Amino acid sequence: MRRALVEVVGTEPVGPYTLLRVGRGSLSPGMPGQFFMLEAPGRVLPRPMSLCLAPAGELAFLIDPVGPGTRALCALAAGERLHVLGPLGNGFDLAVRRPLLVGGGIGVAPLPYLSRALGRPRALLGFRSAHHAEAAALVPGAEVVLEPTYVTALLPDDPGDVLACGPEPMLAALRQRVPGAQLAWEAPMACGYGACYGCVVEVDGRLQRLCVSGPVLRAA
Amino acid sequence: MTVPLLNASGCLDALTAPDVARSLDAFVTKTITPLPRDGNPPVRIAETRAGMLNAIGLQGPGVDALVSDVLPRLAALGLHVWVSVGGFSARDFAGICERLDGRDDVEVLELNLSCPNVEEAPESSAEIVAACREATRKPLYAKLSPATWDIAESARAVVAAGADGLSLVNTIRGLALDPATLRPRLARALGGYSGPALKPIALACVWACAAAVEVPIVGMGGVVTGIDALELVAAGASVVSLGTVLFSDPGAPGRIRGELAAEAAARGFRDPADARAVARSNREKAL
Amino acid sequence: MTVPLLNASGCLDALTAPDVARSLDAFVTKTITPLPRDGNPPVRIAETRAGMLNAIGLQGPGVDALVSDVLPRLAALGLHVWVSVGGFSARDFAGICERLDGRDDVEVLELNLSCPNVEEAPESSAEIVAACREATRKPLYAKLSPATWDIAESARAVVAAGADGLSLVNTIRGLALDPATLRPRLARALGGYSGPALKPIALACVWACAAAVEVPIVGMGGVVTGIDALELVAAGASVVSLGTVLFSDPGAPGRIRGELAAEAAARGFRDPADARAVARSNREKAL
Amino acid sequence: MRRALVEVVGTEPVGPYTLLRVGRGSLSPGMPGQFFMLEAPGRVLPRPMSLCLAPAGELAFLIDPVGPGTRALCALAAGERLHVLGPLGNGFDLAVRRPLLVGGGIGVAPLPYLSRALGRPRALLGFRSAHHAEAAALVPGAEVVLEPTYVTALLPDDPGDVLACGPEPMLAALRQRVPGAQLAWEAPMACGYGACYGCVVEVDGRLQRLCVSGPVLRAA
């Protein structure tokens, strides 16, 4: 875990999302599924963001502008600077034999980097609209479904090693159907490094800090 | 003599962030209770315009695990350790103090008399302090709530009951609603309000207590920069704790220590601690 | 039925800004005391990061001049008038209430039980309310301080003593130092903290009191926009008061009334007041 | 008293000060010595500023960046918008026979507009440095002294009708020497229109609101 003041290289719209590219500074990109805490201009707390892509010398984040913090991040302009802390948490276990990536909505964010690390495996992505689905272009060869169809409908009977990120109902469904699946969860986070106990989720019947035990957890 | 920097209780876990803990002059544990506690259900935190709310609810392993597991690991990290003590009765508090009394790996006991997120003990703060005073010879710091009409009166009462110092302030109860649904953002609705918005309230409490009692004060509430820390000292604090700022900047202890020294020097102090003299002369002028 | 908007006491002078007063549903006077008062020496106000401090100290003409001079001029402006009542003993409060009891040009008496800038009355809030209840049949609103561990308890006590409604909240004590000199920015050092930083505290107080008592609540604390006002209603307020926001925007009453209607409609309410139902159902869920 | 959302026309450095020019919108410039409350970006309270100049369709303020509010105002860029309330308070009484303007430091601010209204009378200005004295160029024909000389040293024995604005020691000295002088005072203000009772100063032995009774007061 390191913290650096990095410079915005640029932002690009990707459907309704924004790809925020920052200089890497002294930061390591870490493992797919790990995340960074990004200083959100004008806000008290930083915001957790999965690494989406790691271009040479850069870190790139795909951000859904859902509230004040994410909107401030999407509004950053090239040349502005922000503090970034990371990489944090436990990413995906890449020692898998038959990887299948599954993503829903902004849950696509960690998959581009993951796909590259795993040699571009099969990927199933679900989106709310064609506009949102523009983000699928970041994941090589992704198959896309739009609501009202859910991505779980595409899931083969023997899905192999599922690595997934998406909205809670999607992850809950996958947890039922695919024991052993690696699921990247979300929770509101204040610190991202175990300091605040704000991000707890129930794991094995106990409230555990997602930023320490996750964000990637195994479906039991 | 200078101004030691601590973490505020509940705002750092030395075991997940040992380097941050080592960058402080002492490490304060999250408030420990007699039994293990899961704390409150999530959502437990929410940001506001100039602060945040938390309703963690004293999640922790309980005093047995603290003693058997946590304290040895903290000692192995080479930390000076303050234990924050909690409970739901004077007996709870005193029991933990007694338990920790003989231990060399604990330097100070901070009594959390002011957690806004759990039920209150039936006894008064002074009664709890008195019970703990019976149970231990270790330095006792009473952590008070800003949610009181006359904090100087509370300060006098806990000092009379045997407190060696004060920790000021804990969070104050707040509520945030989701603007879209108008529902509380925290599962338990109310939470403790911390961060920059708390700073003027914390300064007022430190100021009022420093005028009322002679014991050292650990000041905290909304510190983000070295100037914030220097202001707490100028209001009467001897030690400054960092809470919410650690969430956005784990490097805050080193940064703030540097800023504090530079800002103190820029105002002609040989040492940041000398700003306490300003507190005294200011109080005389203002009263 | 909708959500009336008032000014917070001490945050508007209808005589220097009649148009602003007329844009409200009723005008609340600055707290009046038995005798004329000069208030505290300047400097009396200071801005903080998300709020401000004031130590006006109840400057005012005293109740005689209120009756002979101010009330007739307010009546001439066609305003619905609430008088904020202050004092330094239950007798002070009750004397003013008695004096105003028979007057048609006063609709409500708000008892300022919580000014952080003057000495406190020796009696408890409930005793003051009880004394005033004896003195008048006019509606009595008790204005409470957020600086209390359990505001619901205070609310129950004043309602039991005869209060017809609550005004929540007054300012809470704060301190600001000049960063250059480390001296207090206010001549009296401590002042009352208001503005956006107070909003989460005010929401928590309204929420807790609405669960504890059945009387109407005038909510205030950091309202800047219609959403802020709607949140106070969703926490349990029936009326919303504007304080600090009037200093930066004398057009706030009209603006906020419009925003309140639009934001309520956007959330499917026929009327902003209907958001109070959300308060009740939220409380049931959270408790 | 009116409040309008106006647009910044431009800013110009004047020595260490900044001349902020905004579109006039529906606002009247008022009388010399009156002031406006300017929204200071990011701050809770607006800041009082004397009108300095009233170019056609504009209002111009001369601002000394002494703290967060004034610095935010000086940092405004053309095209940005801010709320302005005014004109407020009581300005100078222009029914004077032998006007003499006296100003010190940023107290020069109301004098350019005043000078034009009075037909460019004699003006004595004191400044801390030559850099600060660049602001004297805004007052036609002004005579300038620099510290350690004080402007009161230039005051003729029979000064006529003095109209002055400047730091408190200067105004206090003038109050002693020139009974009847019109002096523009300052005090911290939250509202500027009589609502907060924050701005009181002692006038005739009583604490009165400067924004209502002043800012221009007669030396008794």
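Of note:
As written, the chain order gives the labels A, B, C and D, with residue 1 at the start of each chain.
Methods note: contacts are C-beta pairs under 8 Å (C-beta built on N, C-alpha and C of every residue); 3 or more make two chains touch, one makes a residue touch a chain.
Protein names from UniProt, one per chain: A, D = 2-polyprenylphenol hydroxylase and related flavodoxin oxidoreductase; B, C = Dihydroorotate dehydrogenase family protein.
In this text, all values refer to a predicted model and were calculated from it rather than measured experimentally.
Chain centres computed from CA atoms place A at the largest separation from subunit C. Per-chain CA centroids place subunit B at a distance of 46 Å from subunit D. Taking each chain's centre as the mean of its C-alpha atoms, subunit A lies 55 Å from subunit D. Each chain gets a centre from the mean of its Cα atoms; for subunit B and subunit C, those two points are 32 Å apart.
Counting partner chains per residue, subunit D shows two or more touched chains at no residue at all.
Residues of subunit C found to touch two or more other chains are 48, 50-51, 196.
If each chain is drawn as a node and touching chains are joined, the picture is a simple open line. Under the contact rule defined at the top, the touching pairs of chains are A-B, B-C, C-D.
Those residues of subunit B lying in contact with subunit A across their complex are 10-13, 15-17, 20, 30, 38-39, 41-48, 50-52, 54, 56, 59, 195-196, 244, 246-251.
Here subunit B touches subunit C in the complex through residues 48-51, 53, 120, 145-149, 172-177, 179-180, 182-184, 187-190, 193, 196-197, 199-201, 203-204, 207-208, 227, 230-231, 234-235, 267, 275, 278, 282-283, 285-287, going by the rule given at the top.
Residue ranges of subunit A in contact with subunit B, taken from their complex: 1, 3, 37, 39, 43-46, 69, 83, 85, 187-191, 193-201, 206-207, 212.
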